[in-house]
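Here is the structure we will look at, set down as structure tokens.
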Amino acid sequence: MNNKIPVGVLGATGTVGQRFVQLLENHPWFEVATVTGSERTVGRPYADGVNWKINGDIPDGAANLIVQPTEPNLGISGTSPIVFSALPTAEAREWEPQFAAAGYAVVTNASAFRMTPDVPLLIPEVNPTHTELIPTQQANNNWSGFIVASPNCSTTSVILPLKVWQEAFGLEAALMTTMQAISGAGFPGVSSMDILDNVVPYIGGEDGKLENEPKKLLGTVTDGALALADIRASAQANRVPVFDGHLASVSVKLGQKASVAEAIAALETWQPPAVCAELPSAPERPLIYRHEPDRPQPRLDRDSEDGLAWTVGKVRQCGVLDLRFMSITHNTLRGAASGSILNAELLVAQGFIKR
Amino acid sequence: MNNKIPVGVLGATGTVGQRFVQLLENHPWFEVATVTGSERTVGRPYADGVNWKINGDIPDGAANLIVQPTEPNLGISGTSPIVFSALPTAEAREWEPQFAAAGYAVVTNASAFRMTPDVPLLIPEVNPTHTELIPTQQANNNWSGFIVASPNCSTTSVILPLKVWQEAFGLEAALMTTMQAISGAGFPGVSSMDILDNVVPYIGGEDGKLENEPKKLLGTVTDGALALADIRASAQANRVPVFDGHLASVSVKLGQKASVAEAIAALETWQPPAVCAELPSAPERPLIYRHEPDRPQPRLDRDSEDGLAWTVGKVRQCGVLDLRFMSITHNTLRGAASGSILNAELLVAQGFIKR
Amino acid sequence: MNNKIPVGVLGATGTVGQRFVQLLENHPWFEVATVTGSERTVGRPYADGVNWKINGDIPDGAANLIVQPTEPNLGISGTSPIVFSALPTAEAREWEPQFAAAGYAVVTNASAFRMTPDVPLLIPEVNPTHTELIPTQQANNNWSGFIVASPNCSTTSVILPLKVWQEAFGLEAALMTTMQAISGAGFPGVSSMDILDNVVPYIGGEDGKLENEPKKLLGTVTDGALALADIRASAQANRVPVFDGHLASVSVKLGQKASVAEAIAALETWQPPAVCAELPSAPERPLIYRHEPDRPQPRLDRDSEDGLAWTVGKVRQCGVLDLRFMSITHNTLRGAASGSILNAELLVAQGFIKR
Amino acid sequence: MNNKIPVGVLGATGTVGQRFVQLLENHPWFEVATVTGSERTVGRPYADGVNWKINGDIPDGAANLIVQPTEPNLGISGTSPIVFSALPTAEAREWEPQFAAAGYAVVTNASAFRMTPDVPLLIPEVNPTHTELIPTQQANNNWSGFIVASPNCSTTSVILPLKVWQEAFGLEAALMTTMQAISGAGFPGVSSMDILDNVVPYIGGEDGKLENEPKKLLGTVTDGALALADIRASAQANRVPVFDGHLASVSVKLGQKASVAEAIAALETWQPPAVCAELPSAPERPLIYRHEPDRPQPRLDRDSEDGLAWTVGKVRQCGVLDLRFMSITHNTLRGAASGSILNAELLVAQGFIKR
């Protein structure tokens, strides 16, 4: 089995689960050893149980794996078992703690524990030190494993430029309106009758996630305890007839005044945390600033850096707050599966997972 | 020729011009007597010169009119000639003053003179008394006719709820993000390669129009002079793959605090100015408030009241300013041709145009 | 209750059922007296039980009707009760015969009995005399009521031009490829992830319906018995990202040669059966031939004659068979609810239903 | 300049020209040495002159090339100059012969000379020996260079399965209906107002190309002369709201009967001509047969084998002719730029171009 770390994918038959399986094919550090699925699919080869909905074929390595029930006894060899969780919220709430209790590193894309104070809500480029919450979490729960969460895909789309400006100028408020892709709802997800030639100004629970998760991601961890950032936030999430890519229009109030030129310079000169250089999936240019007046656009920018970049543009004065800008990320890559894989790489680089 | 007022349509072969021709078919007060077009089409029957792009057939009454050059000598009989202008900006800038000088009532959808201080920027439900600027305009220019303008279609989409709250609570700031339909750009307008599976965060000049025009529409006219409203505004206009209907996401800062319930009540109890009851095209319910969490939507709400209603929804607390809401209007009906026709009806009702 | 015939709508909460309710509002002959729905909705007011998905609001007359279970005891007053059936296939198979046995005229849009030899598969403009099967059907089943069916919406899209040419020249074969709208699948129906920026070359069962139903519609009824037309047929049904309107590309082999000019003349001079003049919903021009090279198009032609017209174009030589053409109808109006209402009107006009 | 063959791209600023430039970046044999463009762009760096409309950035190697006028004096070093032509038809008709006369190998995607008898209309997997026409062409025109053409993108979408069955069973007739992507029309190309929520049953000249070009591609070259294949053909080309990928629905009449199983087996066991193994861009699996009832689909299949595969499915009995099937290729890759690059590779492999 070569030297790779065997990993499990929980909820591997859903659309996010499919992305995990696809992206982990040929990963330099990880190898899918186990996939779990719903009762309907358990016991069948993965290729039979899954309704494959993403481009390309099912990876050969995963096609013949027998789908297992989602239980913390996956028979993954080695001392640092990792599971990537693409479980629905209710199942995540039930099973992820059991996996953590059983010693697994649960790297989850589910929302169940994102706002739990001792669970790191993590993006390597934004808050890599929040993994310092892990010992607290293990002590609080008496777990040998732990849970680390990725934020909602809409939160991801805006967070890096907010982080850069928070560091450079301070950040007091963010007012956000998103235009989100249909793939964010999974399959079958959004009915074509709702979205063709239309916009739907409602995504259940999304406004709240987008208002709350940034406060945690931009917060500080001191002595193993998290303090939320003191930022006022307001969000309106809209669904638009776009396949992939969540685009956000954001206005901010800064702690200290910054000119448009200074704000752009802060984005263009920003460097990712040093640890990112050690992560094999980390993009070369995580933050791309485009100067054209009509960018970023979902179709042209979502795939930048293999779908792992933030593309930002249109920084200008806001007539009401301080500055406006537009930002986009690929919602099922940076905003979901790829983001969680990067989190797992960070945990290896920081020694929370042993190779 | 029965008793109807003969009118001309300037720029009748473009998409807005086509809407004028379509909507004036069977109008109770007006009748299209003349159409003008570009050099390419002059001298040909309208049905031959036009590349008809809207649903339904070319009205019989207009099909056989011979396209005239756009010159203020249209041979319209009667003492109160009206021209509806759907001219491109540059041509509007050149010709509209000449028509006004020649005694025509120029009811325009073009942007050339919208922000000219003595030209009423007019919506009957919002600021019907702004026609008091007409004598000033005539005196300033020594014109026997005059120009009255409709606002940009994006401005229209947000203006009525802003007006209602301005009256009820005062209005200090509006922060807007729009999702605008492709028909707003005319034909051929937006390339399908730019907008299919995409959003374009740029419409030339639109942000500025949306930030400036509301200040005029919500301003006050005293002694024949206009004072702009003192409102801070910020706008980001986006093009989305929707055929008709401009949807806007708006956050506002009010002059005095209002609860969500009070703000909704203000919208639901608002009554249009009394003069609107005299206008044959005025909608029965110009302002529709929808309580469903996923409304308004372009496809479901753009055609309400024959495309003449504002549909508003999602009023709620804004975590940064005071309140948020969504609003939509049909961009080529309320936001363009129908809006100008209502303006002409208002001018008749107020006696600026004699029947 | 004025003089209208009280009717029931079976399966009134689905998308086709909603269309029945909408279209019967203000119908000159019929009035919705009862609506039935699934167990989930029974006992609730219609406005509460339905997830209204079509433009415009729920008709006032129907909004407060209490949803009934689908059982042949609807309490409709009068001697000629009619039910319009928008039931799913399995339920139609179970319940429609029971309603017919109980004396109802079942005018159905469901597929369950379309190909049953003694059930008329009916379009007034195509085969109004097929109602002669009704006495046979009643005798065969010992029913006091009866069932009359509308064809599949894809069949409808091609049938009238085929009928015209069958009469004029004879028809030996039809080779069809359709491009069908998403509304044909109901709600939620087609997932946006399947159809945005895509075509799906599969609609379950549709190819067979499109190959078989025309043989019945174009067949002959003699002495109360049906003979299928002897026509070879081949069909490929495709789903395209269009909201309404089924467009078909058809090649035919005729019984005797016809020039393109003769074939077009046959379409343009065709007159509907005389009985159609008595039907209040019958379109003035059921068959519109367009000479432009780029017509018919779904968006421009689907709504012609209130969605009741066939729009045909592009008749030309076929290099393999004899002639090619394109045809379109509105799938949820002519191809579904409106078609069934016309069938009911025909039954009244022919005396099968007493006013 | 390493060892690569320097090539020119004629008409490099259009959408097909952009694809050439993108695809030739990092090509193992070729290197873009010169780009030509219209008068507007001549003399400017390529990155300035081009309105880049495809995913990804402008290749560094081409960005700084100065755009040249399209004249056969490109200063390309070496003894076997190649130019890839993405010229509009009229310019191709004027300039391509001049380049051939000047000694260039003109590998063109333009339609100007596709049906000229001594110009090979070429696809390596279909008719690699048609390059035997080159000496005839050179003798007829007294040229030291020559022209080789790629077929229209709609022709490409159907040609390989037709070729396979022609070889296996004989081919007498093909009846085709296509659903073609908007990118086939270039930029700005199709107006969004024409194609959103719509199908346009018209692409200028496309029906004829699709009816004629297969006869040449499936013809035979003997003693340097071409005989067209004796196949009846009929085509209807439709534009659908899909970004990339031309999907075709085809019915065929074969020379000898074949069962569905035999026809599928012929596709699945087909092997490309041996020379294809020598071409660095040739796909590993040029012909993919999919057994799922709902494939091929543009979004899922257009990118197979880097956009170079034919994906075929739905082979079944045709009720009118013999067999039906669906086929798709990527219109701007296999159907345009990539196809021409493969043709150039074939010319090198066959010795018509010296390395």
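A, B, C and D label the chains in the order they appear, each numbered from 1.
In this section, contacts are C-beta pairs under 8 Å (C-beta built on N, C-alpha and C of every residue); 3 or more make two chains touch, one makes a residue touch a chain.
If you're wondering where the values come from, they're calculated on a predicted model, not measured in any experiment.
Following the contact convention of this document, A, D is the list of chains adjacent to both chain B and chain C. The angle needed to superpose chain A on chain B by their Cα atoms is 180 degrees, rounded to the nearest 5.
Simply put, of A-C and A-D, more C-beta pairs touch at A-C.
Computed centre separation for the pair chain A/chain B is 43 angstrom, with centres defined by C-alpha atoms. Centre-to-centre spacing of chain A and chain C amounts to 48 Å, using the average Cα coordinate of each chain.
We define each chain's centre as the mean of its Cα atoms; on that basis chain A and chain D are separated by 40 Å. Multi-chain contact residues, meaning those touching two or more other chains, occur in chain B at positions 196-197, 241-243, 299-300.
In the complex of the two chains, the chain B residues touching chain C come out as 55-56, 196-197, 243, 299-300, 303.
Residues 15, 53, 182-183, 187-197, 241-243 of chain B touch chain D in their complex. Across the complex, chain D is touched by residues 173-175, 177, 179, 197-202, 211, 232-236, 238, 240-243, 247, 249, 251, 253, 293-300, 313-314, 318-321, 324, 326 of chain C.
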